[in-house]
Amino acid sequence: MHLSESTWPEVRELETSLAVLPVGSTEQHGPHAPLGTDMLTAEAVAAAGVDAYHDETGVDIPVAPTIPVAVAEEHRAFDGTLWVSPDTFRAYVRETVASLAHHGFDRIVIVNGHGGNVGALGELSGTISRHDDAYAVAFTWFEGVDSDVPMGHGGPRETAVLRHIRPDLVREDHVDTASEAASDHWGEWVAGVNLAHDSAEFTDNGVVGDPAEGIAALGAQLVDNAADGLCELLEAVGTRDRS
Amino acid sequence: MHLSESTWPEVRELETSLAVLPVGSTEQHGPHAPLGTDMLTAEAVAAAGVDAYHDETGVDIPVAPTIPVAVAEEHRAFDGTLWVSPDTFRAYVRETVASLAHHGFDRIVIVNGHGGNVGALGELSGTISRHDDAYAVAFTWFEGVDSDVPMGHGGPRETAVLRHIRPDLVREDHVDTASEAASDHWGEWVAGVNLAHDSAEFTDNGVVGDPAEGIAALGAQLVDNAADGLCELLEAVGTRDRS
Amino acid sequence: MHLSESTWPEVRELETSLAVLPVGSTEQHGPHAPLGTDMLTAEAVAAAGVDAYHDETGVDIPVAPTIPVAVAEEHRAFDGTLWVSPDTFRAYVRETVASLAHHGFDRIVIVNGHGGNVGALGELSGTISRHDDAYAVAFTWFEGVDSDVPMGHGGPRETAVLRHIRPDLVREDHVDTASEAASDHWGEWVAGVNLAHDSAEFTDNGVVGDPAEGIAALGAQLVDNAADGLCELLEAVGTRDRS
Amino acid sequence: MHLSESTWPEVRELETSLAVLPVGSTEQHGPHAPLGTDMLTAEAVAAAGVDAYHDETGVDIPVAPTIPVAVAEEHRAFDGTLWVSPDTFRAYVRETVASLAHHGFDRIVIVNGHGGNVGALGELSGTISRHDDAYAVAFTWFEGVDSDVPMGHGGPRETAVLRHIRPDLVREDHVDTASEAASDHWGEWVAGVNLAHDSAEFTDNGVVGDPAEGIAALGAQLVDNAADGLCELLEAVGTRDRS
Amino acid sequence: MHLSESTWPEVRELETSLAVLPVGSTEQHGPHAPLGTDMLTAEAVAAAGVDAYHDETGVDIPVAPTIPVAVAEEHRAFDGTLWVSPDTFRAYVRETVASLAHHGFDRIVIVNGHGGNVGALGELSGTISRHDDAYAVAFTWFEGVDSDVPMGHGGPRETAVLRHIRPDLVREDHVDTASEAASDHWGEWVAGVNLAHDSAEFTDNGVVGDPAEGIAALGAQLVDNAADGLCELLEAVGTRDRS
Amino acid sequence: MHLSESTWPEVRELETSLAVLPVGSTEQHGPHAPLGTDMLTAEAVAAAGVDAYHDETGVDIPVAPTIPVAVAEEHRAFDGTLWVSPDTFRAYVRETVASLAHHGFDRIVIVNGHGGNVGALGELSGTISRHDDAYAVAFTWFEGVDSDVPMGHGGPRETAVLRHIRPDLVREDHVDTASEAASDHWGEWVAGVNLAHDSAEFTDNGVVGDPAEGIAALGAQLVDNAADGLCELLEAVGTRDRS
């Protein structure tokens, strides 16, 4: 159930302590994919995951609106990329989670669509679970799927999911040039350390990996796979002993 | 142009220093209107306003994704209402605006759909304009329209706009009971001071004003009216001397 | 009872949970009125209000010393104007209120003399009442009076009150030039939005409205009127159900 | 020149980069002396000091309004004592100083009347001078006088100054009992460390030292002495090389 | 060169913009290894790395004193574990780095000995490099070595290094029981997400991995290996284009 | 017992609520003494103090690792001096103390080796004792000894202690020049106020006082004396009524 499309008496009827909070980012995804890619993919996985959970248990879980701006300063060289500091991002998500918990939804799965948020959300989940009246974990969908296709950035996985859920937003006429100019690796590594703090240091067009490989069928499979993982996680979170 | 649906090279092509940032809220709007009302109305007005501006000038203005969670703790008694503290809200919006300015969009109109944000956004606009590398003002759509219909909360204006833009989300079968149980005033006033810090102190179902009065035709008129106001404002902001 | 002129055993004898905290500002009020205008008026109204309350109930209410520096950066172009950020102002007032509440004065009316503080104090009152061990509201005296005379800035109302309470501080020989160069409106408005973040953008001498109109008799009437409002408010706050 | 009693054009006429900011406290001073003692003494010394400077140099220095609430939680056991955290106090004073500096008064002497502020003001003066566009030092008046009479708290020095400047506020009929029940030392000391964080741990009525000894003639002498010190300090600060 | 053992004129003689800042943690490492393990290992690797760099280039690099308390709340169930919040940790390290940069050492390699710090240091390195007058990266020694031996916690790698550098601190008589009761995995994983925020949820004695395997010869090899990596990293950081 | 050299089961065996937290600084101590002087002296006194306490009571007290970077910006002109802001320093120490208290060590003596920390630690001790679940006091060793030898900076006392505990770190060949160029006073005083915010304003080589006078025998005596004071303080803190 999407919170933003529901009324408060409908929310009051829910019989669960679980909630899902999708978190995206507004950031460059190359010349072929929209800046909102990470919101769209997080939303799609969140929706599919709670549907799967509903199919299995008959229970409806509220899905909060997607957080649109997150930790993405590393892409600042590319126009239209938006970001807030990690501190502000954590405060914003933490307090949003607290307001969910205020209504009794105090087992929260944050569904994340952006690699740059992983560190901040991991830290935040611990903070919330130890110090607030809620338990939280972060599920980054592309870490929860079982696939040989590399992640990259605006690469095969994300392009595949977009072609599956919002094909109208993929600039197909730019995919080839996106592929050609793409970087084949994330970062500049020496002794296990990435020296590049910004993505523009290692990719000219913002793409890492080959988007052409990301066909729609793969996208469908990735979303299914992620939804299954999310459903499994919701079951574990819903029954976890919090004493 | 919606940033989240655009690619970074498309954003780079834009020839304007203007940007629009819609800000909503996820909060109760009575038993007949969705929690996302303030996001939907802010988005609709923002889109119509930049369209009007484009019609008049031929110039495309980027519209950032809508901020979904804002200053709404006053509605905490009603399930599903989400909120962050005013401090966190200001930080989140301020840094988002700064990232727009980083790309040259340093004349920003925040299009606001929620009365509870007015104070925070007014303060923030001053702070940004005085201390950051940007100029910002906040346009709260229902303050920018010329109409005799009272605002209320989940009342005639908001219901009218929803019936115009998203009639599928209005629970028509609850409008009558919403009207009957609605409060006819916001707050509890003594000597010009509102003693009630929470809306539940003066409204039982969260509604203020009569939603039944809010017909779709009025909604169309309100959106047009607000879009004209926003267009006029964009022209003024775009040409304002910042020296 | 003025806290700063009382001893602690005298304060211990008080039999009330009410307290009054005057809040002013140190900021330009034109060439005829002193920078301390908002402190002086807030103090005068606070004193008259607790006197009225004492007359009616026989109960003494403590009046804290006046907060002298507040949210006034908008007047920074005029020499001698002092200010702190809204965040610091809120922290300072919030903690002062908490120390009053520590002694059992946990129903606090903030008596405000400056329009620029209204937003910050409204937000703060909600925060205190929801999250701290106290209930607070803010009474801005010129919003609590019933008068046809416009407020302005350094205009008829403030000049009138000054002529009543501290005529020695009004530079009568500058009132005429103050009137002549005064602006007749606050702000620069487009579509319901004020584009001017600083007062110097719309007033050359810092004055809005005609100070000459502000005769002492009007000042006496305004203070009486505000004191009555404050007294009524204190009664309501003192008996309000906080459960 | 008292800022709060001056107009902005008068402030603009000043020809100095010096300013004085008095800082007091609202806190218990025993059964015989008012809670506002530290404000009153700081104000008196500030006024006398700038007068002395004017006599010597012909130059007028602006005196800001007195900060009324400061670092006094140690006296929380005694009714009516107000306080803010040291962090908030520093922020409030720092930003007030910055607004003075905005108008060109960037050599600031903070005139302090409260021992509990000494640490915070010392730290703050360094921070301002190193990182802001101003130079600041803190002058605690009773550290700047040459006298054999001990300081105490509500003791001989403060009582003497009050009897000189505001005899109406000294409860003479309580001075004897104040003396009798007074503590003769501040703190509980072991190995050079004070174990008592609150004054109530070592004084029953809030007094340290014998107030009876504090005659008005001594008060006059102390104020003169402090004013001379302040005048000398203003000369040094005004001519100090800041390159 | 260890900063804490050097004098300021000696530091002034250095001819490098590089500096090394070791960061440890004070936290449980099982019944056989000391709470200071992560400090000791970070220090050993830092020292060996700058020695290697000196051997190769003839240039001395200053090594700051080791930060002793870090992000370790996850081990709070085990006595003696110390921690600060990630926010405070980042502020402390960031400002320490800024003071190094003040003296011209503005290319900083943070040598980290604790897995729990990795996220905070990664975020911080980006913040420093983008916004402060310094470039920083974090080298977590066990991520920079090439070894098949698993990391664990108080496991083979750390025990090995301790046996090499401080064998006196390994409680050899507790290694067997440490091994027997150790967990063989870090965390409780569902769908790629670790549900356990505290280590006590998956290890009874605080150990993960078999410490018995960690012989001193392996420790020597690991330190050498890490020192080589650090040396290589220092060369890369020292010559990296920062324009 | 040094926490960093102990294991968690050993800490669990302790039977005390006392703990000692040494706090140093990394800052210039002239051309003859190392930057780590304040860490070394604080550690030496802490160790000797808990030994004395053990001798007397048979009880072991945990000694946390020494905080290495503190409030020392005043020495920024001298190379290698490290510092953090007082706010960050207080946060770091406060949270470290809270983690000690988490394990039951909630009576904490901070053993301080640096004069620049005194104000911050005094403030912090009050804050912790009033608001956290712990009682804390700060013992600055050179304030707790009974000696006619002046303190200075890098002067006789510190040099004496270094010659006693770490003679290898005193550059004996620079002591004479250190003495010759030393300042004989700390600060530039007018009317009881120090006008100099940085030490370089009154000492060319960073030294105040004559280091040559600081012979090792004096150092031994100072450490003994301080250890006795600390022992006495620990006894007082351990038995102090906290109700």
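Think of it as A, B, C, D, E and F in the order they're written, each chain with its own count starting at 1.
The working rule: contacts are C-beta pairs under 8 Å (C-beta built on N, C-alpha and C of every residue); 3 or more make two chains touch, one makes a residue touch a chain.
Keep in mind that this is a model prediction, so the values were computed, not measured.
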{"item": "Intersection of contact partners for chain A and chain E", "value": "none"}
{"item": "Interface sides of chain D and chain F: same vs different residues, half threshold", "value": "same"}
{"item": "Cα-superposition angle relating the copies chain E and chain C, to nearest 5°", "value": "180"}
{"item": "More contacts between chains, B-C or C-D", "value": "C-D"}
{"item": "Rounded Å distance, chain C centre to chain F centre (Cα mean)", "value": "48"}
{"item": "Computed distance of Cα centres, chain D from chain A, in Å", "value": "56"}
{"item": "Junction residues of chain C, two or more chains touched", "value": "73, 85"}
{"item": "Touch-based graph of the chains, sorted into line, ring, star, complete or other", "value": "ring"}
{"item": "Ring path (origin chain D; first step to chain F)", "value": "D, F, E, A, B, C"}
{"item": "Chain F residues touching chain E - in the complex, by the definition given at the top", "value": "2-12, 26, 28-36, 39-40, 62, 64-69, 73, 76, 78-85, 88, 91-92, 95-96, 99-100, 102-103, 169, 171, 174, 206"}
{"item": "Sites on chain A touched by chain E in the complex", "value": "73-74, 85-87, 119-120, 122-123, 125-127, 129-130, 137-140, 143-145, 190-195, 197-198, 229-230, 232-233, 236-237, 240"}
